[in-house]
Amino acid sequence: MIEWFNKANEKIQENKAYLTSLDQPIGDGDHGINMARGFQEVAGKLSENDYTDISAILKEVAMTLLAKVGGASGPLYGTVFLKMSMTLKGRDVVDGTAFTKGLEDALAGVKQRGKAETGEKTLVDVWQAVVEYFQAGNITADGLVEVAARAKERTKDMVATKGRAAYFKEKSKGHIDPGSASSYLVFEALADVMKEKH
Amino acid sequence: MKKIINDPNQVVQDMVDGLVAAFPKTMKKVEGTLVIARSDAPVSNKVGLVSGGGSGHEPAHAGYVGKGMLDAAVCGEVFTSPTPDQVFEAIKAVDGGAGVFLVIKNYTGDVLNFEMAAELAEAEGIQVEKVVVNDDVAVEDSSFTTGRRGIAGTVFVHKIAGAKAESGASLEEVKAVAEKVVGNVRSMGMALTPCIVPAAGEPSFKLDNDEMEIGIGIHGEPGINRTQIDSADAIATALTEKVLEDHDFSGEVAVMINGLGATPEMELFIVNKKVQEILADKGISVYKTFVGEYMTSLEMAGCSVSLLKLDDELKELLDAESGAPAFRM
Amino acid sequence: MKKIINDPNQVVQDMVDGLVAAFPKTMKKVEGTLVIARSDAPVSNKVGLVSGGGSGHEPAHAGYVGKGMLDAAVCGEVFTSPTPDQVFEAIKAVDGGAGVFLVIKNYTGDVLNFEMAAELAEAEGIQVEKVVVNDDVAVEDSSFTTGRRGIAGTVFVHKIAGAKAESGASLEEVKAVAEKVVGNVRSMGMALTPCIVPAAGEPSFKLDNDEMEIGIGIHGEPGINRTQIDSADAIATALTEKVLEDHDFSGEVAVMINGLGATPEMELFIVNKKVQEILADKGISVYKTFVGEYMTSLEMAGCSVSLLKLDDELKELLDAESGAPAFRM
Amino acid sequence: MIEWFNKANEKIQENKAYLTSLDQPIGDGDHGINMARGFQEVAGKLSENDYTDISAILKEVAMTLLAKVGGASGPLYGTVFLKMSMTLKGRDVVDGTAFTKGLEDALAGVKQRGKAETGEKTLVDVWQAVVEYFQAGNITADGLVEVAARAKERTKDMVATKGRAAYFKEKSKGHIDPGSASSYLVFEALADVMKEKH
């Protein structure tokens, strides 16, 4: 788990300017700044403290993102990992089924929090695709990256109806959603960790 | 970027310290946070009023902290919603046992962060209610989208809900009057120039030398159209007519001509002249007019026009005493 | 030139109309003039307080018309002193039989025009006294030259002399307290950008992208030096130290951090933070702080710092009620 | 008399931009605008009304300039012609001696009003030179223009100690004083009228 977030932090830091550039034409140009600030702090916290179980790690991640990211993405990412933490509470080992349940609950949580469905050009689009991939079973690192990447790319042709990008209406078309891009990086990090474990 | 600042990443901290240093009898900082609360908070048995959002809209929101208005304002990073933990600190700081009421401008980030804070507070047994302000008629009103933005009309919600809370009203009563204000206030803005978020160092959008944007949001979100600069009369007409179309303002109204930051007050009065003429023409009578900077966008040049339809209750609450430095009555 | 105006040659007329339309209960226009008077002027047996000058410094001066502050403000063309006939109209409009007191900022034009008006009034049997405000320490104080300019500190004279007059004091007493304020107030300003007089259409001076000018006047008159933009702390220090050098401020003071027009309020609070630290370091205690736009220069970006040394009389008068829209207490 | 002011108005209108340009480096760039506004109005008033005597004309000129010019120059020019009007009161014909007395009183008035002496780089410098020229007798149109022109030019090397230019201190050197330039035009107009009369 800790490796996942360290890896995710690395990727977010590397792509800070890229994420911000995605947020410029259809947002307020801070998504990279927000995410980098949050994940930096997550990595710091995780390296300083000891955790008794996976749920505690996820809760720390959630609370840190909540308190540091701000904007729309802060509570959304906070919700994702808080829900996961609740689902995985009390478990020492997390098998595929449990992790899938965690992802499902995370998706449900973020949809409810953002009052968003798929197709609205938000990070929900990436999470939905990933959840469906896990539900189908037969999970590989490369398959995960491919599914997440495809979902991210698909947001390009959507018209935003949620978040700041919605004010751009039709003009939001033709730009990848910044939140989908950061979610893609989170899953790319997960795939990297999965590869290393094998 | 020409700014009188120290570190672009410390502007909010510095501002909060400078604000509390200016008005020590009225407000205090909640230690370790960017929350500014009334100096006598929590006031027991009074509903606590909390608002806030990204910084850069000064005097909103911290300038409205004071007796008869806000009990606390949460200062986010510039144009970035404050986080739930900060809002939660504000709620705890003003909870006097009668519950806490949140005034939220309708931006996804603000709504999400304030809602999460409300959940944290409720989990600790604090009763929380809220209103979401969405007065910006430049955005189409549709239940399928993010909805309208909250802009300068929010200040009327602060004033009136604040006066209601000060009068000893219950959480439900404060909520009812706040919803009444939200239902009866409409605004629209325009800009001549963009503004620069200190940490970004560059304007988030550009306007040509002869261009203006009608309907722009207070963070530079897109407006309705971008055209050649027109006369003050034409601008006042464009804004006022769109506001009037959206709601039945017959009867009595309060008017707010709000500067976005860099517009000389002279120009706001020139706009006001035309707005008052239009209202007089339509037989709408003006109870009170506010001209000045109430909800700014850093150094953006431009203005917004807000109308609030009044009834006897709203008039009385609008007139009630206020000790907030940016809204003395 | 990006401005929300109609005709560049009509800005003052339009502004005056828009101002009176905004605050009809507080002020009225003296017909056929650009004079704004208290709605209940003349107040019998009260000393009438008149100020004014070129326009473009809003809310100065007309925003300070109201009970407890100015009885009338004379609005000249932008940055141009009003003419004696206009000032004379103001004097006549506020003469309630106890004499009229003029508050003049120290510019040749203002002094000459107000003095001539005073002569006209005296010829008609109205008793007139005056004070000339010269708070700008950026200018060397020498009896051989024009002398120091009057800038933001003037607002303290309006407030305190206004409160004195409202209390029923005689013309002599009003003059005495106004002179006490002038003797104890000092200010200095700085700018990041110039401003554009509407009729001129172009800035009267230029500042490079990384330049600022310390000690600048409110019409863009030369300052002390032009340097690279420095931090807010350095700017606050430069202004405050020069003000402190010029007068013994030991004891209690009022502080005014004044925005010149385009400076976000956030930055004024950042400046205030440092000013308060400097004063605390020197053991000077702050009785009251004012942060905002009080004496502007159209859309100039920049600020000024004013200190007023207080005694019990000045404190009481500073705290007295004021109905002027731009200075509510 | 009326011809004098009509001529002066012509010259001021022609030199509006020039006067303003002189006021830019060491003032606030409005002297031409101020003077043009005032003399335009003077010419209008004089063409509309009938006057019983010279003193009445001068008073009209004075009051019009006072009410229309504004700034520093308004009350100064107003004073000049008001003093002249007072000195010439009751006279139907104005001879050289009376006119010289009028100029003397005008100069005294403007010095007192502006608290200025010669050498302070103001219009006083031109008025002083002209008064001395009239006092010396032997007055010609060309002589008058020459004296006024020389006085105007001399202000170039002075350091301003009165008016707005004083804030520029040493930097005010090297620029002709705008008020001296407008006063020069007034006397050039007078010389033109003297020439036409002969």
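Just so it is clear, A, B, C and D label the chains in written order, and each chain counts residues from 1 on its own.
Following the convention adopted for this analysis, a residue touches a chain if its C-beta (ideal position, glycine included) is under 8 Å from a C-beta of that chain, and two chains touch if they have at least 3 such contacts.
From a predicted model like this one, the values you see are computed outputs, not experimental measurements.
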Note to self: So the centre of each chain is just the mean of its C-alpha atoms; given that, what is the distance between subunit B and subunit C in Å?
What the structure shows: 29
Next item on the list: Take the average of all CA coordinates in subunit A, do the same for subunit D, and state the distance between these two points in whole angstrom.
Entry: 78
Checklist line | Mean-CA-position distance for subunit D and subunit C (Å) | finding: 32
Check: What residues in subunit A touch two or more of the other chains?
Finding: none
Check: Can you list the subunit B residues in contact with two or more other chains?
Finding: none
Check: Viewed as a graph of touching chains, is the assembly arranged as a line, ring, star, complete set, or other?
Finding: line
Notebook entry, point to check: Where do chains touch, given as pairs?
Noted result: A-B, B-C, C-D
Note to self: Give the list of subunit D residues in touch with subunit C in this complex.
What the structure shows: 24, 28-30, 33-34, 63, 66-76, 78-79, 113-114, 161-164, 166-168, 171
Next item on the list: Flag every residue of subunit C that touches subunit D in the complex, lowest number first.
Entry: 76-77, 79-86, 107-109, 112-113, 115-116, 139, 144-146, 149, 197, 199-200, 204, 217, 219-222
Note to self: Residue numbers of subunit B touching subunit C in their complex, please.
What the structure shows: 2-6, 11, 14-19, 21-23, 55-56, 58-59, 63, 192-193, 209, 212, 229, 231-233, 235, 257, 261-274, 276, 289-293, 296, 298-299, 301-303, 325-326, 328-329
